[in-house]
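First the structure, in the form of structure tokens, and then the observations on it.
Chain IDs A, B and C follow the sequence of writing; residue 1 opens each chain.
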Amino acid sequence: MRRRTGAAPLSLLSLLSLLALAGCGIQETDVVEAGGAATVVVQPVPEERMTLYFLGPGGGTMPMARDVGPHAPSPFPSRTRPADGAGDDRMPYEGFGPGYEVSTGTPVHGRVPTDKVLAALLAGPTDEERATGATTALPGAGGWTPRVEPDPAGTGRAGTDPAGSVPALRLRTPFPVRDLPEAAVRQLVCTAAHAEHPAGRSEVTLTGPDGSLPAARCDD
Amino acid sequence: MPRVLLIEDDPSVREGVELGLRRRGHEVRTAPTGEAGLAALGEFRPDLLLLDLMLPGMNGVQVCRRVREDSQLPIIMLTARGDDFDVVVGLEAGADDYIVKPARTEVIEARIRAVLRRIEDPGAGRSAVEVHGELAIDRAGLTVARAGERIALAPSEMKLLLHLSAAPEQVFSRQQLLEHVWEHSYHGDARLVDACVRRLRNKIEDVPGEPRYIQTLRGFGYRFGPL
Amino acid sequence: MRTRTGEGAGAGRRRGRAPRLRPHPFGLRTRLVLAFLLVAAVGCGTTAALTYRAARNAILEQAQNTAVSAFREQVDELYVSLPVSPESLRTDLLRIARQGKPRPWRVYAEYGTVRVSSTDRPASSVITPELRARAQARGASPHAGFQRVVKNGTPYLTIAVPAVFRTHATEGTARPTGLVVYAVMELNEEEADVEAMVTAARDGALPALAVALVPALLAARGVLRPVRELRHAAHSMGRGRLDTRIHAKGSDELSDLARTFNESAAALERSVAELRSAEARARRFASDVSHELRTPLAGMLAVTEVLDEDAGSLDSDTARAVRLISAETGKLAVLVEDLMEISRFDARAAELHTDEVDAADCVRKTLQHRHWTDPARVVPHLAEGIRARLDPRRFDVVVANLVGNALRHGEAPVTVRLYAEGDVLVTEVSDRGPGIDPEVLPHVFDRFYKADRARTRSEGSGLGLAITLENVRLHGGTVTAANRPEGGAVFTVRTPL
């Protein structure tokens, strides 16, 4: 008797659990990670753009690529074009492959100088950029141009390093840096690092009137 | 007093019955076997035969048949209850009555008297001979003739016929017949009546299977006629 | 009132009727078949479930993997400017949506505050916040992800692919662009496939179960046939056919049981046969003894009169002795007759010579014959005109025994009632005595049963009521003994008319 009463529910139970295990139809799942992100091509090409790191509505960085190529309308707010107008000198430009030349009068002589890029960053997003939700956490600088100098602390590993070691630079800002929000620091560091080095691997030290922040890299 | 021949093989029964009957004034002769009994029959000329059914050698039924061949001597069988088959055979062979052993002498004597008793004649004033169809019954002379031919009837048969024919067309139950003809109790053995009726029919009826004189009323009994 | 004690012939042979084949709701057969089916069901179910699971996962994984990699490829081919232009993005999304694999999908993009989609709604309701959070996670290298969502019963596959860009053609690192592209694909077809599989599994399992029923029934039959045989045999034994045997073949437990049954039946048959022959011997002995006693008694009884008559002339001691012998001889003769009668009943040699008689006449003659005519002693209330088929001699014995018994053990007046009840003739003999002790009541019809142990001999043979009972049974009737509420015992005989 005992065995009979024991066996039937047991087998029933196993049957039920099996069915439950199998489930019926299609079940919901959690989020499943499926490989890396997609790499899109950003226009214009890296040699003809400068990348400014603004902030998205979620607080994440939202890079903006401004055309600084030959046909670019004026990538800089004002007075970024040199007034001396050495204008129509041409020089070879490897960005489009061998045999091409670009005018030396444009800012594209390999790259836009870092202080100019930073000036553009401090000037804030354009209307078009703002329309997509881009913001900046940096205080306005009122036409101030930051000074960029090689970092003495990083001299040991600074300079052009063929071995790929990290170049270091120091940004001198007119505003205090200690109270800058983390996002603002990231904007400055990333923009400077990428302006200085194609891979954005430079180590950046912010120095304001109130002192310096620790050296940082644009790695988030 | 009637003369009684007793055929009985058991000495104690033979002696006891003989003693009892003799005390009551009967003249008794005994025989231990059927053969001896038949031999004594002619010489002793009894009024009645008391016959044990279980006899060594020639048994009671055979003796009964032999006697009936040429005589209407009243015969009473001695039997033990339960020997039912023997009783029926004995009655068919022509015995008039039977007594179950063991029986007191007074019972035996009462039966003897009953068998021997003449039918008191209810039709005393009427003519001696009644005629029913081909049957002529002489109540005074106690003879019966069919188509002028005299028929030998055993005492029980004669008494039964006289009793029935005295009241033609009247139905008598078997219990009544037992009481009046055999002087048995109401609860006696009805086979006595049936056996006697069968014997009587064999003698007086033209076709015993379709009786005219002794008719059966199923569930009630017998009656004489109507012719 | 304890009326039914001392029951007569009616209840005599209580035949065991064949046991009805009760349907057992959970009988052996049902259980065997159920067990078989359960095993088959578990087997089928397990196989089907596992197969289904594996196949379903394969189907879904293939669909997902195809969709995710195809989607990523599509996104990989995007050219964007930063900030992303919603107009060109929409064009791109429409193109991607058309090229969805394995089926067109709906594509959504989020960029900053910009929401663009390939449909007329800018944002999708099936994309969960978790997926969004995962795709927009801050970090150097965001990951793509997917999620299955069921909404309103429709399963969807949602894929999120964040877009990164290289900061330099050759040595740049990947940086998030802030653009996340989502694809939403209905999994209808996959669901249909999965459902088709469930249907197929069920359609396969049900016939398998039906097929399993056949061996189940065969096995149950194989097990149950010996059981049924055993039941029949046991029942047949119960009805007295002790020579019943089972055909025992094979070497399983059931045939062992059958063999054991046969051995037990043989043993039982042997002992019953022995008992019966012993009983028959005992009865024959009683019959023989009474037979043998009868002949000397016949001689003795014939001379008792002589003794009685002459006793007066003997000296007083001899006279007393002689009278004693005479009286006891008479009683002995009655006893032997009763014993003979009883042994005839036992041997079933008693015959019934029925005649159609007037029942009242019959009883009246019995009373007359026994000289029970004093109305102070015996009061007859006899319904007239009842014709009954009786053996007058045996009925006389019945009535005489009952009335004699009432006169001996009860008190006068004894009432004899006779009436018809339907087609049953009822004869009732009641007395005004103290009644019968309830303890004695069940035994009044037993042979030689003495109500009072101290009284070693009663006037009767001690067989009177036993003979009464047998005679009534022979008539196919019953006789019962009881005490009347107003006092006195009542014996009731019921015989068919």
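Here is the rule we go by: contacts are C-beta pairs under 8 Å (C-beta built on N, C-alpha and C of every residue); 3 or more make two chains touch, one makes a residue touch a chain.
Everything numeric in this text was worked out from a predicted model, so none of it was measured.
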Number of steps on the shortest touching-chain route linking chain B and chain C: 1
Interface ranked first by C-beta contact pairs: A-C
Chain whose mean Cα position lies farthest from chain C: A
Chain with minimal offset from the mean of all protein Cα atoms: C
Distance between the centres, which are taken as Cα means, of chain C and chain B, whole angstrom: 67
Cα-centroid distance, chain A relative to chain C, in whole angstrom: 87
Rounded Å distance between chain A and chain B, as computed from the means of their C-alpha atoms: 153
Of all residues in chain B, those that touch chain C in their complex: 10-17, 19-20, 23, 80-82, 84, 101-106, 108, 173-175, 185-191, 219-220
In the complex with chain A, residue positions of chain C that touch it: 31, 38, 41-42, 45-46, 49-50, 52-53, 56, 60, 64, 68-69, 72, 75-76, 78-84, 86, 111-114, 128, 130-131, 134, 136, 138-150, 155, 159, 161-179, 181, 187, 190-191, 194-195, 198
Residue ranges of chain A in contact with chain C within the complex: 4, 8, 11, 14-15, 18-19, 21-46, 51, 56-65, 128-129, 131-134, 194, 198-201, 219-220
Chain B contact footprint on chain C (complex, rising order): 291, 294-306, 309, 330, 333, 336-337, 340-341, 344, 349, 351, 353, 355-358, 361-362, 365-366, 369, 387, 392-393, 395-396
